[in-house]
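The two complexes that follow have subunit A in common; it is paired with subunit B in the first and with subunit C in the second.
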Partner chain A sequence: MSAELFSVFYQFADVFAFLILSAAGLAIVFGMMGVINMAHGEFIMCGAYVTVGLVNLGVPLPIAQILAALTAGIIGMIVEFLIVRRFYKRPLDSLLATWGLSLIVTQSMLLIVGSAVRGIGTPEGSFAIGGYTFSTYRLVLFFCAVAVLAGLYIIFMKTRFGVIARATMQNAAMAKALGARTGRIYSISFGIGTALAGLCGALYAPTMTLIPTMGATFVVESFVTVVIGGANVLLGTAPAAVFLAMIRMALNASYGQIIGQIGMLFAVILIIRVLPEGLSSVLVRRGR
Partner chain B sequence: MNSGRIVGMALLGAMLGTAAIGATRAAEPPLKVGLLEDVSGDLAFMGMPKLHGSQLAVEEINKSGGILGRQIELIHLDPQGDNARYQEFGRRLLNRDKVDVLIGGITSASREALRPIVDRTTTPYFYTNQYEGGVCDASMVSMGAVPEQQFSTLIPWMVEKFGKKVYVIAADYNFGQISAEWNRKIMKDLGGEVVGEEFIPLGVSQFAQTIQNIQKAKPDWLLTINVGAAQDSFFEQAAAANLNLPMGSSIKIMLGFEHKRFKPPALNNMHATANWFEEIDTPEANDFKKRWHAKFPDELYINDMGYNAYNALYMYKALVEKAKSTKLEDMRKVIASGDACIDAPEGKVCIDPKSQHTSHRMRLISVGPKHEVTVEKDYGTIQPYWLGEIGCDLTKKNDKDQYTPSHLPSKS
Partner chain C sequence: MLKLLDGPQTLGRGRIFWSGFLAVLAGALIYPLFADSYDVGNFAYFLIWIFMALGLCLMWGYGGMLSFGQTFFFGIAGYGYGVLAINMGGGTATIAALVLSVVIAMIAAGILGYFMIWGGISGIFFGIVTLSATLVLAFFLGQTAGPEWHIGPARLNGFNGMKGMDPLTVGDFDIEGSALYYVMIALIVVVYIALRMLMNSSVGNVIVATRENPQRAEMLGYDVRKYQLLTFVIGSGLAGLSGALYTSWGQFITPSSIGLPAAAMPIVWVAFSGRNDLTATLVGSFLLLFGFQTITVYSQQAALVLMGALLLATVMLAPQGFVLGIGKLVVGWWGRRRRRDEAAALADTARLQSDET
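After this line comes the complex of A and B, so read on.
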């Protein structure tokens, strides 16, 4: 019995971690800044490739993963400076620009690195409960997801930067009038978002096949999590991931992956229909 | 590393150039070969060897005088794994470029998207992959292995060696569905039991739940017919969770070279039946591998698709030269005579007149903990007999249909 219970928790934690880690970066860039970043998957891919590259050079995996996230963050800030900055007032054009960027990046990676890269293997370690065996690394992913949520909360709710960032997102002109350097805030926020995307790729790199289009497997999940999370991303993303993870896990377990995927997307449609403002609107209303 | 596309374009340019020069010299225009292979998108890692195999064959044939004295002009387009683009490019090659033969397609979905378009023309079409079998269509010649060569050998062997309970994970499209149907039929004949079947949407990369479903069902072995880079993540995740079950497949190792792409021992205990894998150690095979690697030194693995693509051009050459014509009906007369054979690196292979599928020498291979490949059993040459047995006879009637164990020709 306890084996079954743990197995349910493990499966939930696994889907939850996937949703949170793939959505966290997008929650900042799309949810807070309003930039529809179609190149989100490519920042994830960047994190994965840098991780594998560094591990092949002999860097230990955790350090490689941190460096990969930082790399994605720095590239993100460069992209913000060169491209995204020009589109803050034109969200639909930003969609087109970042989509174009995503196409250029995937094709360039194909040309430069080739169609497939040899994987590095998941860190050793598995444990058995009842008749089941589990990979320890998947639990590490879950704790990383929780840590990312906690870190985001602290950065944006408890620090001076967070206060200014939220003020800038709400009313840039007013924030500027009060002395906030809004340009820098945008740049850093975008960098944090892409660093989190890179972290997602870095964490999943050992468990997946690396191909230039790998980001695409994360993109649908990340967008639906952020969208049903709603306007207040810091409040909405976690409950959205919990909700979607429960539905997907239950359906996956009873009816297999196809129904799991259909069911999750169906739930998304229902939520958007019933709560156009997303889950966070309910939470905010309760809070008042 | 090389880019297939740039190389392809450059090669194309070079060929067009030489063709233009050649045209002033010889009256005979070159034979146009249309090639549709994915060299970008999710299946690029499989499609790249197919392009390379075709380029190698074209180069060799052109060097030794071409086909009936005519040079070959290879026109390659990259449909990027998109079935709509397969149709668009297929029409372009057939109707605008007026190619003499069309070759290519990776997934069975792309082949079925192309086939109706080919059927409206009189152009021959070569499909160069192993697949789920059953296509009875006079316009199509199949160069790869089919279930009676792959599953009828592999599944009895797995049952005898590991046990009667199998769990299937399959990609959710026509290839996976029909292959799973083959497995059900063969397992039933053997008195075995399919304890679980899971179809995975293409692009899914997370398998924790699937791994637990497998452990719950307690199979003796797994049939893994999952497709594409995302779904291949299953092997890494299963190894990390210490699933540790014997596996069998019709597409792993020789086709997807997972043993080269994943860190050992993720593919330990995988089994497959193949007409080609790079580890074949015969003088003919070694000579072929040497020529390939000389031209493409960066190739990670010469997979069976790339090998079959290479053979397809030599088979086309044999058919055209025996028929002394590039017309499909004349080539089919050669096929009907049972005389359509070539000496391939695997040995002699022939086209079966009834089904227009190819005989193959099949071997059962296994992968060890260090990802070393061992030949477990050599079956010799196996004919593609199934379509002929159920009543497909292209020498008499063109069905233009795909049959499966549950969709047989109506008795007439």
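After this line comes the complex of A and C, so read on.
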């Protein structure tokens, strides 16, 4: 019996980790600047490619993953400096600009790298409970997702940077008047966001085939999680991921992946009809 | 009725503009007499996509709703046409299949639009939800390879796409080659004129008012949501028309014409052309499609990189669109020169007037 229960938890953890890891970076950027980074999937791809490249050079996997996340973060800050910075007043235009960037990056990668790269296998190791065998790496992913949430909580709630960042989120002009360097805050937040995207790619790199268009596999999940989460990113993303993971898990188990994805989309469309402001609006109202 | 052709919501008015319009139309009509049939077929192919661009221009430029879901409705109607044409048999029934598939796309737009618009979704989220729906449809159709995925005798065939439907046919006459070309030209003229009249009518003015300030429009007594839904259904229906025509043109459709990067293309055309004007969208989309097709022959990736770069450049250098900007420059220069040469009163006839935005 406990084996069945664990199996359900394991499937839930798998989807939950996927949603959190793919959405966290997007949510930070969206929460800070009100911008949806359409090139999010390309930063995920970047993390995955750097990881695989480094591992093929002989770097141990965990170190390669950390380096990949850092690379994505640095590239993100460069992109922020060159492109996104100009559009803080025009969020819709930044959406288009990052989409243009995404097209350029994906197609250039197809031109330069080609469609297939030698992958790295999923780290071995499994454990058995009852009659079932589970892959250890999937659980590692779940703990990474929890660690990302905890890390974000600490950064945004417990540090000086976090206080200033939240002030900037709430009222950028006022924060600036009080002496916060909002430009730098934006730049760092964008960097954190893309680094998290890179981390997502790095963590999932061993489990999937690397193709330049792999970003598209992640974008739907990350978009809908952020949409459901609503404007308050810190409060909204985790419950949104829990909620969507439940729906997805139930549908995946009985009908397969694609119905799971379609069902998730229907749930999202229904939820925005009922809760246009997303889940975080309910939580914020309760909290008051 | 004809008074509605010119108005504050559309650029280009007066004798000079309409003479130019007629000259281009005449050129388009006699073109097949001088070109070989392969080129005419290619031209018809560019024209297919124009409806989708005009629909997006209506929703985004006039209605202020940035839909990333044009290829969603393109795909629904494209697959719809295929399924219906195969199931109902060829012949004149294909015309019914075309009409029905567009209607199906419009119904889908009505349902999706109801949930989004009555849910108060706008701005960025509108784009995200429509894009998510588009990508999920593409994934879904991509995995329908097995024989269990069929509607009647029509197999969906996964990534390889559906094929084997008849082209548009009246009686025994297949509408292909230059006949299809003339049908496209006629449809484009009808759609273009109809959209111009719609935008300059009172309904169109309310749609623009909704874009400018939804609250104010609501205070003036209009149910903003109904006008937004109407705009969304018309715009998406035009994407559906493109989809059905596309399937009929090539007698196949694959999921790749729905997913990324196809979903980004209408955005690039309309943003580059100038989303605030139907004429600019018409001209710009055609130019881009022509250029894209020319480069695709050598490398599809390079063509898509160029499209991405154009989108980025448009947003950074000319947020209102290049074609619209260049058009205004040319007409402004022309207007100034005429004023210098002739009486100032005459100049108004040629000058383009932009709306306030």
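Definition applied: the second predicted complex is superposed on the first by the 288 of 288 C-alpha atoms of A that agree within 3 Å, B and C clash if a C-alpha of one lies under 4 Å from a C-alpha of the other, contacts with A are read in each partner's own complex, and residues count from 1 in each chain.
Throughout what follows, a residue touches a chain if its C-beta (ideal position, glycine included) is under 8 Å from a C-beta of that chain, and two chains touch if they have at least 3 such contacts.
Note that the coordinates shown come from a computational prediction; the quantities given were computed from them, not determined experimentally.
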item: Fit or clash - subunit C, subunit B, common subunit A; value: clash
item: Contacts of A:Thr213 with subunit B and subunit C, given as first, second, both or neither; value: both
item: Contacts of A:Ile155 with subunit B and subunit C, given as first, second, both or neither; value: neither
item: Subunit B versus subunit C as contact partner of A:Ile258, first or second or both or neither; value: both
item: Partner chain(s) touched by A:Ile66 [first = subunit B, second = subunit C, both, neither]; value: neither
item: Subunit B versus subunit C as contact partner of A:Ile74, first or second or both or neither; value: neither
item: Which superposed partner A:Gln107 touches (first subunit B, second subunit C, both, neither); value: both
item: Partner chain(s) touched by A:Ile272 [first = subunit B, second = subunit C, both, neither]; value: second
item: Listed stretches 153-161, 171-179, 189-197 or 207-215 of subunit C, narrowed to the one that overlaps subunit B; value: 153-161
item: Footprint overlap on subunit A, where subunit B in one structure and subunit C in the other make contact; value: 107, 110-111, 213, 216, 258, 261
item: In the complex with subunit B, residue positions of subunit A that touch it; value: 7, 10-11, 14-15, 18, 107, 110-122, 125-126, 128, 131-135, 137-138, 206-214, 216-217, 249, 252-253, 256-258, 260-261
item: Of all residues in subunit B, those that touch subunit A in their complex; value: 1, 3, 5-6, 39-42, 44-45, 47-48, 172, 198-201, 203-206, 208-210, 212-213, 215-216, 218, 229-230, 232-233, 236-237, 239-243, 260-263, 266, 298, 300
item: Complex contact set, residues of subunit A against subunit C; value: 34-36, 83, 86-87, 90-93, 95-97, 99-108, 110-111, 213, 216, 219-220, 223-224, 226-227, 258, 261-262, 265, 268-270, 272-274, 276
item: Partner subunit A, residues of subunit C touching it in the complex; value: 66, 112, 115-116, 118-121, 123-125, 127-129, 131-133, 135-136, 139-140, 143, 259-261, 264, 267-268, 271, 299, 301-302, 304-305, 307-316, 319
